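Some structures to go through are shown next.
Below are two complexes that have chain A in common, paired first with chain B and then with chain C.
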Partner chain A sequence: MSLTLLIEQILNGLQFGVMLFLMAAGLTLIFGVMGLINLAHGSLFMVGAFACATVAAATGSFWLGLVASLAAAAAAGALVEILVIRRLYERDHLDQVLATFALILIFSEGTRWVFGSFPLYLDIPQLLSGAVHLPGGAQYPIYRLAVIGVGIAVAIGLYLLIGKTRLGMRIRAGESDREMIGALGIDIGTLYTLVFALGAALAGLAGAMVGALQSVQVGMGEPVLILAFVVIVIGGIGSIKGALVGSILVGLTETLGRFLLPHVFGLFMPNSEAATVGAALASMLIYIVMALILAFRPQGLFAANA
Partner chain B sequence: MTRETTISIVIVAGLLAAAFIAQAMGETFYITLATRMAILGLAATGLNIALGLGGLVSFGHAAFFGIGGYAAGILATHAFNSEPLLLGLPGTNQMIVIWIAGAIAAGLVAVLIGLISLRTSGVYFIMITLAFAQMIYYFAISWPAYGGEDGLSIYVRNTFPGTNTLAPMSFFLICFGLLVIGLVFFALIRDSRFGAALQAGRQNDTRLAAVGIGPFRVRLVAFVISAMMTALAGALFADLNRFVSPSMFSWHMSGELIVLIIIGGVGRLAGPLAGAIVYVLFEFALGGITEHWQFFLGLILLAVVLFARGGVMGLLAGRARHG
Partner chain C sequence: MKKLLAASLLALSASVAGNAFAEPIKIGMITTLSGGGAGLGIDARDGFMLAIEQSGNKEVDVVIEDDAQKPELAVQIADKMIQSDKVDLMTGIIWSNLAMAVVPSATAQDVIYLSVNAGPSALAGAGCSPSYFNVAYQNDNFHEAMGEAANKDYKKTFIMAPNYPAGKDSLTGFKRFYKGELAGEVYTKLGQTDYAAEIAQIRASGADSVFIFLPGGMGIAFTKQYAQSGVGLPLLGPAFSFSQDVLPAIGDAALGVKNTASWAYDLDNEANKAFVEGFKEAYGRLPSVYAAQGYDTANLILSAAEKASVKDKDAFRAALKEADFDSVRGKFSFNTNNHPIQDFYVREVVKDGDTLTNKIVATAFTDHKDAYAAECKM
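Now for the complex of A and B:
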């Protein structure tokens, strides 16, 4: 194990965390403003990836694909909000879970119907292919650094949007008192659709960016969705800041755990066994971290005003 | 006898009758379908204790279903290979021992999960139970000793004294017997003092605490009982398929169990069984028409949630008397 390898793994963890943040930010925003638990968020991630892969394959341009992923996910989000989600705001969480679970079935099976079961592939754009040299001599793909950059930009953008703009003011007002802002003449229905579409677009963006790192296939959103749940539970549901901290924490724990644990166990048991035990424990590590955090802070690290 | 009790008895008797008719017609496949209904009905009845009576929306009951399944798989494998399990204890192919072992294992895990997750409520509880089930799912995938991702085959169905479990009808009757015991147990809990406290906690936490009953302990006990019943069903499910795999732990399984309850009617005695019957029939009928049956399942489920609240039992027996 060398230092350069460790740096590389830390960067991988950051990149994974940033990607989780794009998912978790949308989820936590939707929960914070509308009080809705949306299991279908992973489907929007998948929609983004498929839109990007399809458009990129048709036009040859990753960038058009990226635009398409944002547009497709936002449109799918808005459509779903208007047709289904809107009826769920006043319902209990059980109904929300089931309706959005049904949406997952519809999205996943619908996508399989249209695109078939074989994965699609998405190439990394020319501009971002290649690698940079890290201190110590290792190389690191530019694309992954770009993903980290996009994630940071989105985090700053969201901070400015919510903290400094008129729309953000309305979103915050919607979080604290939905009846009052309705009384002040703001069309709350449109606001909810906008917030939902915004969350969906972020998920779609994440899907498109991840699509270039792995294959684009049905069900790709589900593991990410569950990790995003862990993130917002750790961070505190409804808090964007919590989502950011939680994402980075989960991203780093997951990546470094997989990398370091087998080495740690290798210190006192045979290598093959250490690899097995290390891998098994690493796959449980983030959940253990979550349990520990919840044991001390049941409302998460940055509990919002919920 | 209330209308609901009558309808519940009709549903349970109908399942038994269906199996005997299938037997008379020599259609063993339909007996297997009925067995599947009974097992899924039992699993969902277990969840119904936590979800229906206690209002605890556990999105992680697949964990307990899978633990029951793996108890059957692991014990049977050790018995088959004549390898000691641990501390020199042998494996076993006796269903009764397997059921007890599976239920105890799931109960212990449920205590741990419950201690942490019951400190929270609402959405947090949903997500945390989901996360713990995922943890066990990933553990099952990455732990190679019992098949890892490939799962584990049970070469010969486990045995039950006095019957040949390989005969579809005998195995159905075992599952059906346990289902009936499970339903009676559910009714006993529902009508007991403990059940009253559990249901009161669902309706109003603060008032329950005000009359001197701590909601946490009541819920923890209910959660553990619920997990043990679902684990029992998991052990039967493993024997039905003669195969266990990590997919028993998957969150789709947890979702499916909730779906059964919603289709049937939340908190209703025969709700989960009615849901399981409808679900399995639907899967069978639509699965024969299109391989994309899950798409239509999604549409129907969406329609049930949005427009037909109360499920099958709500339709047949009217609204539940207690809200």
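Now for the complex of A and C:
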């Protein structure tokens, strides 16, 4: 194991974490502002990927596909909020979970109905193909570096939006006291739709960027959704800063665990067994980390309303 | 009264004129039609139904249910099919874990099960049954074929599979015949979609080739990321990672990849030509290996139905065992454990016009048998 390999793996962990952040930011925003558990967030991720793949296949341009993914996911999010979610704010979390779980099934089977059961094709844009040389002789794909860049840009953008703008002020106000800002004459309904659409657009963006790396298929959002929930639980529900730290932590733990644990076990057992045991433990690692963090800080690292 | 008489006369003459055993056969098909693995089940079903349609046999009634790739659901459906639908035969399961949940209890109730895909080692060895016929392969076979084929060109292969029973069978199968050194052996999480960490390890391992068993979406994700990474070592795998159902989604990144299977669309025999043409015409796409296996399974059942009554289980089992049908794979016969003896081919992903598909480039094994037959006592 060399230093360049380690650097490469750390970058991989960062890239994975940043992608999780795009999912977790929307999820935590929606939970923080509206108090809603949205299981269908993974479906919006899938909508983004399918929109990008379809438009990219029709026009030949990944960039138009990316725009389409933002638009389609935001539109789907706004529509879902107006038609379904709006009726759930006053209900308890169990009703919300049931309704949004139903949405997952509707989105999945609807997508299969429109696009069929076979995965779609989506490749990275020509401009970002190839690799760059890192100091120390390692090579790293430009596209993955670009994903890291987009994630950092979104994190800064969200920070500015929430900390420095009037909309952000309203979002924060809505988080702490929704009746009061309603009483102050702010249209809370529109604000909620906006926040929901924003979270959906971020999920769609993540779906499109990841779709180019992976396969665009029905059900692609659910595994990511589970990790995104782990992230917001670790980071503190409702906190964007927590989502960022949590995502990077989960991304690095997951990637480095997968890579280092088999090596560690390889020191004192045969390679084939070390690979099996290491892989098994690596897949548990983030949940172990989550359990440890919750044991010491039950409200998460940066709880918003603590 | 006259009408009734005429009708019964007609029925009588039809039953006399028809085939001696043209009696209704009820087949229960449990397969995966929703969720991420649906492409495989849909292909197996479409291949199966194509053979039934082409035969023109109106007496075959197929009950199809979706297992959503969930073992508990498959078990429920199987119970319903056996107890209330009273099916004579069962088939359709794609995944080994589902097969393990359904097959032993079905065969214990004297229902004949024919596998279109899954071939777990437990059912080929000590757990074999006279009522269980595998028309596809034993799970290790494709991997064994690649291990054998890799000996020719490679000395140091990096091998990788998901961490679940079929993944371990895969790497065991590969190692059983591969004589070179292993540059690395990695188990990934089942359903993993990001392989950056593994690709970095491959790059650093000093391997001269890479063998992967990653079916469905996992294979799509890996192959795309591998091509993007520019590692460029030759990529090998069983056909599952590069079958017709996933090739369009991988795109040109799959070109030149070598993979092993018992079938390819360009296999030169009459049955295969009729199958490929019929499939393209009926469904507007190229068939995959799963569709070929489904098609063969249906034809095997039809061939047995001409020789024996499905109500006479012993006679029907014997008729199945003869495997007297025109397989799209050419030669096909059953070993003592009711698993196939067949040839395995090395295929290469090529572009035929605008479509990506697999062409045969070599033969890996002739008349290959699985490694577990000796453990089967029946």
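Before moving on, here are some points about what is shown:
Simple rule for what comes next: the second predicted complex is superposed on the first by the 305 of 306 C-alpha atoms of A that agree within 3 Å, B and C clash if a C-alpha of one lies under 4 Å from a C-alpha of the other, contacts with A are read in each partner's own complex, and residues count from 1 in each chain.
Methods note: contacts are C-beta pairs under 8 Å (C-beta built on N, C-alpha and C of every residue); 3 or more make two chains touch, one makes a residue touch a chain.
All of these numbers come straight from a predicted model, not from anything done at the bench.
In the model built by aligning both structures on chain A, chain B clashes with chain C. Judged by the touch definition given at the top, the superposed model places A:L120 against chain C, while chain B stays out of reach. In the superposed model, A:A99 makes contact with chain B only, not with chain C. Applying the stated contact rule after C-alpha superposition, one finds that A:A279 touches each of chain B and chain C. In the superposed model, A:L205 lies in contact with neither chain B nor chain C.
Applying the stated contact rule after C-alpha superposition, one finds that A:P298 touches chain B and leaves chain C untouched.
In the superposed model, A:M220 lies in contact with chain C only, and not with chain B.
Of the two partner chains placed by the overlay, chain B and chain C both lie in contact with A:E109. Contacts of A:I181 after superposition: neither chain B nor chain C is touched.
Here chain C runs into chain B after the superposition, and of 41-49, 59-67, 95-103 or 293-301 the stretch doing so is 95-103. Common to the chain B and chain C interfaces on chain A are residues 108-109, 112, 276, 279-280, 282-283.
By the touch criterion stated above, chain B contacts chain A in their complex at residues 51, 57, 59, 116-117, 119-120, 122-124, 126-128, 130-132, 134-135, 138-139, 141-144, 251, 255, 258-259, 262, 266, 292, 294-295, 297-299, 301-302, 305-306, 309. Residues 33-36, 38-39, 42, 163, 168, 182, 185-189, 191, 193-194, 196-198, 200-201, 203-204, 217, 220-221, 224-225, 228-230, 245-246, 248-251, 253 of chain C are the ones touching chain A in the complex. Those residues of chain A whose C-beta lies close enough to touch chain C in the complex are 1-2, 4-5, 8-9, 12-13, 15-16, 108-109, 112, 117-121, 123-124, 129-131, 139, 141, 143-144, 210, 212-220, 223, 255, 258-259, 262, 271-272, 275-276, 278-280, 282-283. Here chain A touches chain B in the complex through residues 31, 37, 84, 87, 93-95, 97-99, 101-106, 108-110, 112-113, 222, 226, 229-230, 232-233, 237, 276, 279-280, 282-284, 287-288, 290-291, 294-295, 298-300, going by the rule given at the top.
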